[in-house]
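Chain IDs A, B, C and D follow the sequence of writing; residue 1 opens each chain.
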Amino acid sequence: MEPAEILSHAGGGAISLAWLMIVLPLAGAAILLIGGRATNKWGHLLGVLMSVGAFVVAALVFLQLIGLDPAQRRQSVNLYEFIPGVANIGLLIDPLSISFCLLITFVGSLIHVYSIGYMSHDPDRRRFFAYLNLFVAAMLLLVLADNYVALFIGWEGVGLASYLLIGFWQYKPSAAVAAKKAFVVNRVGDFGLLVAMFLIFAQFGTLSYAEVFPNAAQASQGVQTAIGLLLLLGACGKSAQLPLQSWLLDAMEGPTPVSALIHAATMVTAGVYLVVRSGAAFFPEGSTAGLVVTIVGVATLLAGAIIGTAKDDIKKGLAGSTMSQIGYMMLAAGIGPAGYAFAIAHLITHGFFKADLFLGAGSVMHAMNDEVDMRRYGGLRKLLPITFVTFFIGYLAIIGFPLLSGYFTKDGIIESVMHHNAILGWLAVLGAGITGFYMTRMVVMTFFGPKRWDEKAHPHESPAVMTWPLIILSVFSVGLGAYLILSNRLLVFLAPAVGQPAELPVFHPFSVPGLTTLALVAVGAGIAIAKYGRSEVPVVQPRGSFLTVFARRDLYGDALNEALFMRPGQWLTRLAVFFDNRGIDGVVNGLAAGVGGSSGRLRKIQTGYVRSYALSIFVGAAVLAGAWFVVGTL
Amino acid sequence: MTTHYLVLSALLFAIGGIGVLVRRNAIVVFMCVELMLNACNLAFVTFARQNGNVDGQVIAFFVMIVAAAEVVIGLAIIVTIFRTRRSASVDDASLLKY
Amino acid sequence: MITAPTIEYFALAPLLIIFGAAVIGVLVEAFAPRYLRRAVHVPLTLLSLVGAFALVILQTVRGVPTTPAAMGSVAVDGPTLFIWGTILVLSFVSILLINDEEQFVPSAAAVPGSAEEEKAITEGAAHTEVYPLALFAIGGMLLFPASNDLLIMFVALEVMSLPLYLLCGLARRRRLLSQEASVKYFLLGAFSSAFFLYGTALLYGFAGTVDLVGISRALATAGGTETLLLVGTAMLGVGLLFKIGAAPFQAWKPDVYQGAPTPITALMASGTLVAAFGAVLRVFWVALGNDSWNWQPIMWGVAALTMVVGSILAITQTDIKRMLAYSSIAHAGFLLVGVMAVGEKGQNALALSGLLFYLVTYGITTVGAFAVVTLVRDPGGEAWHLSRWAGLGKRSPKLAGLFAFFLLAFAGIPLTSGFFGKYAVFRSAVALGEGWLTGLVVLAVVASAAAAFFYVRVIVLMFFSDPSADGPTVVTPSWATSTVVGFSAFATVALGVFPQPVLDLAEKAAKSLFVQ
Amino acid sequence: MTAIPWLSILMGVSVLGALGVSFLKNDKLAKQATLGVSLLVLVLAVVMTVGFSPNGDRFQYAETYDWIPSFGVHYAVAVDGVALVLILLSAVLVPIVVLASWHDAEQGKRSVRTYFALLLVLEAMMIGVFAATDVFLFYVFFEAMLIPMYFMIGSYGGAQRSYAAVKFLLYSLFGGLLMLVAVIALYNVADKNSFLFPDLIGAVTDPTTQKWLFLGFFVAFAIKAPLWPVHTWLPDAAAQAPAGAAVLLVGVLDKVGTYGMLRFCLELFPDAAKWATPVVIALSVIGIVYGAIVAIGQTDIKRLIAYTSISHFGFITMGVFAMTTTAASGATLYMVNHGFSTGVLFLVAGFLIYRRGSQFIADYGGVQKVAPLLAGAFLIAGLSGLSLPGLSTFVSEFMVLLGTFERYAVPAIIGTTGVILAAIYILWMYQRTMNGPTAESVAEMKDLNGRERWVVAPLIALIVVLGFFPKPLLDVINPAVKESLVNVKVTDPAPVVAVKEGQ
C-alpha cells in the first residue's frame, strides 16, 4: 500500500496549534539565554516546564490524529512563507512525525527532570537547560517539517545543540575538540543532504514533501539513486553510521543526560527518520539506494558491537552499542515498507531502554564522582539498588531477553531482513550475539564481583529526581515492544505515512532465526560472565590481543580519518597559505618592487652632466629624423 | 648650385652640435651653439636664394639679433658660475642629477 | 613699392601691454631709487597682467577675430585667447609668489658665501629686476602660442626663455644648485633652439615660406615625402618637445625645476608648459595638419616614452621639487595623447577643448603645490628633502591637507580638477576610435596608476608617519602666498565638482579651431 | 513617486554632518554628533524604505539633473530593490560602527573628530555609489570613496597600516583606471551623449566591443570584490584597518564590486557576460575553496576573517553569474547578510583584540570562562559565518547554491564543500580562542560592557530575525533582480520533472 496523500490542514483542533510544540521549548531556550544569570534560580524548572508543555501538545495532536480516518492522517500545516519561490515553513502532522514527537518530548521531559539532579552542582545549569530546550525545539522542527528546507533547519539546529552540549564543559580541551569534531563530521553529512536538496529542486522545482514524493517516480532511475545516496550520506553523518561514525564515541565528553537524550534516544536516530521519511520516494523496495542503506546498516551494527566489546569506559561502551542498534534500524529501513515499522519500533523502544541505560550509567558516575572506567567499579548492586534494577531491566531489554521490548523489535527486524536477504539477516543475528556479550560484560563489571574502586569514593544512591525517570523508563523498556509489535499496532498506525508491505508480517516466537538469536545472545552472555564474572578483572587495562586493541581503537576509524583527511588537509592548508603569501601576493609585491627597482636604476641615466643631456637631445633628434624618414617614405 | 652651401651649413651645424657634445669649457660649448645658429643663417640665406624671395635673408638678421641677446645672457650666466666655482668646465656643474 | 603693413593693435593689445610694462620696469630699475623700486614694480606688474587679462576678456566678448593679425604672423584666435587668459592668470598667481624677497638672491654677482654677499644681505639688497624679467618671459609666453609663422615663434621662444635662464639662477638658498640649473637650462635651451631654427630653415627651404599656413599649403601640393620636410619637421619637433619636456628631451626639467627659485619653477611649470603646448598644437595642427599620419606614430612613441619615464623616475625621488618636475614630465606625456587625437573638425575641437581644459587644471594645481613648497622651511631654506616632510600632517594639518589635495588632483582622483582634465583628454583620444590611440590611453592610465604611487607616498609621509623632533617649520604665509594657495585650492575643488563653466569656455574657444 | 529627494537628503545629511563634526573642538561631542547624524540617516533610510513599493517602477526616488553636459554626465540617483537594501545595509552599519569605534581613534593620538568625519563622508559616498544611476557618477563615487577609507586605514590602523593603505589604494586605483577607459569607450560606443544607465542598456551591440568593455568593468569590480586571484590586498587592509573601518571595508565597500557586476557587467554587456561566465564561475569556485583553506591556516584573527570573506565573495560572484533568479537574489541577499555577519564578527574580534592587544589566535584561550557574553557573541557571529540555518547567512548561501545548481551543477557541488571548510575555520578559531583552560594572559579580561552590548545586540538580532523571516528583504530584491535578468535576456531553467500542482 502506498503512503496516503498529504492534505493541507483545514484548521481547527490541536493540529493547528502543533507549532506550539516547537515554540514552547524555543521560547524556553531564548528566555534562559537572554535572561542570563537573572534566571539562574528557576531556569531549570522553566526548562522542564517547556519540555513537558511540548509533550502535552504532542499528546493532544496525537489524540486528534488517531481520531481521524487513516486516509486523513497526513496533514500539513503551512506556517509562513520562508524563501519565496523556494520553500515555506510548514509542519507535516502524520503518524510518523507524531510518533517521534511523542518519543522526543516524553523521553526529553524525563531527561530534563533527571538533569535537575544530575547538574545540581554545576554553576551553569541554567545554560544547560537552555541548550536542552533548544535541542528539543530543533529536533521537533526536524521531524515535523513538511519540506526538506525546514527539516534541514532542524537538522542543523540539533547539530548546534549537540555541539554546544558536547562542549558544555568547554574548559576541558577534550570536550572542546570532541564538540568541534562532531560538528564538522556532521557537516560532511550535511554536504550530502544539501546537494540532495539541490538535485531535488533542480528536478522537481520544489522541496516540499507533498510535491516531491508523489512525483519522485517520474525522475530518472539514476537521479533517484543519486538523491537516495546523497540523503544517506546525510543520514550517516547524523546517525553515526559508517563511514561517518567516528564522532559519536568522542561525543561522550558531554554530560551524561546529553548522551542519553541526544546521542542515544533521539538525535542520532534522525538519520533513520530521514531514510524512512523519504523511503517511499527515494529508497523504494529493491532499489540500489536501499541496498546501500542495508549494507551500511549491517556494517555499522557489527562495527558498533565490536567496539562495544572492548571499551572500559561505560559511556563509550554504550555509545558503541548505540551505533550498533541504529545500525539495526538502518538495516530495517533499507529494505522498504516491510522494515519501516520495525525500524521505527526499535527506534522507539531503543529510545527508552538506551536512555534508561545511559541515565543509569549517569547515576553510577554520579555515585562514583564521575569515574567512568568500569574497571574501577564492581559490586555496586548493593549500594545502588534502584539504579541496578533499572539498569538491569534496560540490559535485558537491549539484549532482547524474551518478552522485553528489545526482544520484539530486534527480532522483528531480523525476521523481516531474513525474508529480504538472508546474508544480511544472519549478520544481524551475529550482531545480536555480540550485543549479548558486551552488555553482559558491562553489567557484570559494574554491578557484580568485588569492589574495585579506591577508598575516596563513597557510592550512594541518587536522589529521587534522578531515580524516578529511571524507573519510568525501565517500565516502558519492559512493555513497549510487545505493545507496538503484537498485532502490528505500530505498522498499521504508520501505514498512512510510510506505506505497508503487501502481506502483514505475523509474529511467531519460535522461528529459526529467533531461536538462533537467543542462543547466540546466551552464548555471548555466558562468555562475558565466564571472562569477567568468574575471574578477577584487572584494574589497569591489559594490553589485550590484537583484536581487543582493534576494537578499543574504534576499528582504527580515527587513525584512518587522520591519515586520509587530517594530515593531508594540514599539508594542503600550509601549502595554500604559503602559496598565497609567496605566490600570489609575491607576484603583486614583486611587481611593485620591480617598478621601484627599475626607477632606481633608470634615474641613473640622469647623470647631471649637461653634455650627456645634450647628447640625449642630439641622439633623440637623429632618431626622430630617422623615424620621420621611415614613416614618411613608407 | 646652392647645394654646396646647404651641405656646408649642414656640416657647420653638425660640427657645432658635436662641439657641444665634446667640449667641456662652457664658453666653447656656447660658441658651438652660436656656430649652429650661424649654420642656420647660412641655410636661410641659401634657401632665400633658391626660393627667390628675401624672407630668408631677413630672418638671418633676426637670428643674429637673437643670437646677440643670447650671448649677453649666456656670458652673464657663465661668468657668474665661473666666479663661484673658479672653473668654466660644464662637467663640474653636476650637483643636480638622478 | 612697399605698402605699409597693417597691425591690428587691438588684437595685439595684451602683448603690447605686457611688453610695455616690462620696458617700463626696466626704466624703473634704471631711474627709481632702490627703496622705491619694489613698491613700484609689484603694482605695475600685477596691474599690467590684470589689464592684459581684461583685454583678453574684452576681445572674447567682442568676438574672436577670424584672420591672423599683423600680416598673418600673429594669430589671435579662440585658442590663443583662451591660452592667453590661462597664462595671464597663472602668471598673476606666480608673480604673487615671486613677490617674496626671501626667495631671491640679494646680489647675484656676489660669490656664494663671500663677504660681499653678507654685505648685500645686511644691506637688504634685492634684485628687483625679477619683475621686468618675469614680464618679458610672460610676454614671450603669450607670443609663443600665438605666433603664426616660425620666425615669430622662434623670437617668442627666445623672448620667453632668455629671462627664465636668468631667473633660474637667482635662488637665495642653495645658490650653487641654482646657478647650475641656470647654466644647464641656458646651454640646453640654446642648443635646442638651434635645432628649432635649423628645422625652420629646412621648412623654409621646403615651402619657401615660414608661414604656418603657407607650409600646410605647400604640404597639400607637394605631399609629405620631401627630405627637407621630414628632417625639418623632426628638427622643429626637437625644439618644441624640448620645451614641453617630452622624453628624450626631458633631461633638463628635473635639474632646472629643482635648482630654480620655487616661484620661478611655478611660473615655468605652469605658464611655460601652457605656452609650449599652445605652440606645439599650432605647429603640428596648422602647419603639419595635412601630414598627421606621418607624425602621429612618432608622437605616439614620444608620448609613451614620456609618460613612462616621468612616472617611473618620479617614484624614487627624494627632493620634492624634483619629484614634481618628473610629475610634470608625466603630465606632458598625458597631454601629448590629446595632441594626437586629430581627425575631422569636430574631433579636433573635442581634443583641443580637452587639452585646453587639462592645461588650466594642471597649471593651477601646480602653482598651488609649489606655493605650499615655499612655505615648508628649514633653517637653511625650504625643506626640500621628502623625509623632512614626515608627520607634517600632525604639525600643520591644514597645509598638509591642502598639499595632499593637490597631490590627489595630480593623481587624477575624482572630485578634483585633475580627474576631469585627464578625462577630457583621454575621452577625446578614445573618441577618435583608433585602436592604436586607445591602446595609448590604456598605457596612460596604467602609467598614472604607477604615478599615483609617488603622490600617495608623500601623503603617507605627511600623515601616516610620525614627525621628527626637529621637523621643518611652516612659516605663516604672506597674504600673497596664502592667496595663491587659497585660489589654487578653490579652483581645484571647483573644477573638480563643477567643471562645466570652464569646459564651456574651452569648447567655445576650441570650436573655431586655429585660424588658417 | 514622492517628490522628496530622499537620496540627496540622505547624502546631504551625512556630508553636512561630516563638516559639522570636523569643526567640533570637543572629541566626545564629535562622537556623539556623529552617532546622532548616522542615526538620523538610518531613520531617514528606513522611512524611505517603507515608502518603497517593490512592485512599482524599477527605479524609484529618482532625481536627475545635468551635471556636466559636455560629458553627458548627470547627477542621477535612484534606487531599485538591490540598491535599496545595500543602502539600508550601509545606513545600519555606520551607527553601529561609530558606537564600536568609540575608542579606536584615540590609540594613535590622532585627531578623533577627523576619524568620525571621515566615517560620515564615507557613508555619504556609500549611499551615493549604490544610488547612482549615471555610470559616470557611479565611477566618481567608486573612486572617490577610496580616499576616506585610505586615510582611515592609513592613519588609524595597526602597525603595518601605511603598507596596507597604499596597497589597498593602488590596487583599487589600478582597477578603477582601467574601468575609466571602459567608461569612456562605453560613452563613445553607445553614442547617446548620456551616461544615464537606462540609456546605456543594450546600447553596445558589437560582441567584440562588449567583451573589451566588460573586461574593463569586470577587472575593477573583481579587484574590489575581491575575486581570486586579485584578493591579496584585502587581508592586509582588513587586518590593519581599525575594526570599524574593516567592517565598512569588507561589509560595504567590497559589495560595490559584486553590486557592480550585477548591475553593470551583466546588464550593460549581457553577451560578454555570458561569454565570460565559465571563467568567472571557475574563479568564484576557486575563491570559495581557496579562501576557506587559507583561512584555516591563518594565525591572525582579522586576517582569518578577511579570508573567510574572500570565500564568501566567491559565493556571491558565483550567484551573480549563475544568472538564475534564485541565485542572483541569493547573491544580493548574501551581500546584505554578509555585511551584517562579517560586521559583527569583525567588531567582536575587535573588542577581543582591544582587550588583549594582540591579533594572534595563539595569544588567547579559554576566554569563554572569563567573558561568556563576549564568547557567546563571537560564537553566534562565527556561526553566521559558517551560515548555520536559522541565521540569515544560511538563506542566502542556500539560495546561491540552489540557484547555481540549476544551471551549473558541478561548480555548485564543489562550492558546497565550502560549507564543511567553513565549519572547520570558524569552530577551530573559536576553540583556540574561547575554549580550553583559560590562558593567564586573558584571565583578567572584562566581559562586554554596555556600549559593546549595544553594538552587538542589534546585529545579532538582525541576523537571527532575517534568518527566519528573509521574506521582507527578498520581496524587495526579487523584482529588481528579475528585471536585471530580463535585460540580460536569460530565463531560469525549468525543472526536469513537471510537478502536478496541488499534490
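The criterion applied here is as follows: a contact is a pair of C-beta atoms (placed from the backbone, for glycine too) under 8 Å apart; a residue touches a chain by one contact, two chains touch by 3 or more.
Predicted model only: the values in this text are computed from it and were never measured.
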item	value
Maximum centroid distance from chain B, chain identifier (CA atoms)	A
Chain whose averaged C-alpha position falls nearest the assembly-wide average	D
Length of the line joining the C-alpha centres of chain C and chain D, rounded to whole Å	44
Centre-to-centre distance between chain C and chain A (centres being mean Cα positions), rounded to whole Å	79
Cα-centroid distance, chain B relative to chain D, in whole angstrom	66
Intercentroid distance (Cα basis), chain C paired with chain B, Å	25
Overlap residues in chain B, where contacts from two or more other chains coincide	17, 20, 29, 90, 93-97
Per-residue overlap in chain D, given as positions that touch at least 2 other chains	170
Residue list for chain A, restricted to those that touch at least two other chains	592, 603, 606, 608, 610, 614
Interchain pairs in contact, sorted by label	A-B, A-C, A-D, B-C, C-D
Residues of chain A that touch chain D when the two form their complex	5, 33, 80-86, 89, 149, 152-153, 155-157, 160, 163, 167, 170-173, 175-177, 179-180, 183-184, 187-188, 190-191, 194-195, 197-199, 201-206, 210-212, 214-215, 218-219, 223, 572-574, 576-577, 580, 584-585, 588, 592
Parts of chain B lying in touch with chain A, wherever the complex brings them together	17, 20-22, 24, 29, 90-91, 93-98
Chain D partner contacts - residues on chain C that touch it in the complex	353, 393-394, 397, 408, 411, 413-415, 419-420, 423-424, 426-427, 430-431, 433, 438, 441-442, 445-446, 448-449, 452-453, 456-457, 459-460, 463-465, 499-500, 503-504, 507
Complex contacts: residues of chain B adjacent to chain C	6, 9, 13, 16-17, 20, 26, 29-30, 33, 36-37, 39-40, 43-44, 46-48, 50-51, 53, 55-56, 59, 62-63, 66, 69-70, 73-74, 76-78, 80-81, 83-85, 90, 93-97
Chain A residues touching chain C - in the complex, by the definition given at the top	592, 595-596, 598-600, 602-603, 606, 608, 610, 612-614, 616-617, 619-621, 623-625, 627-629, 631-633
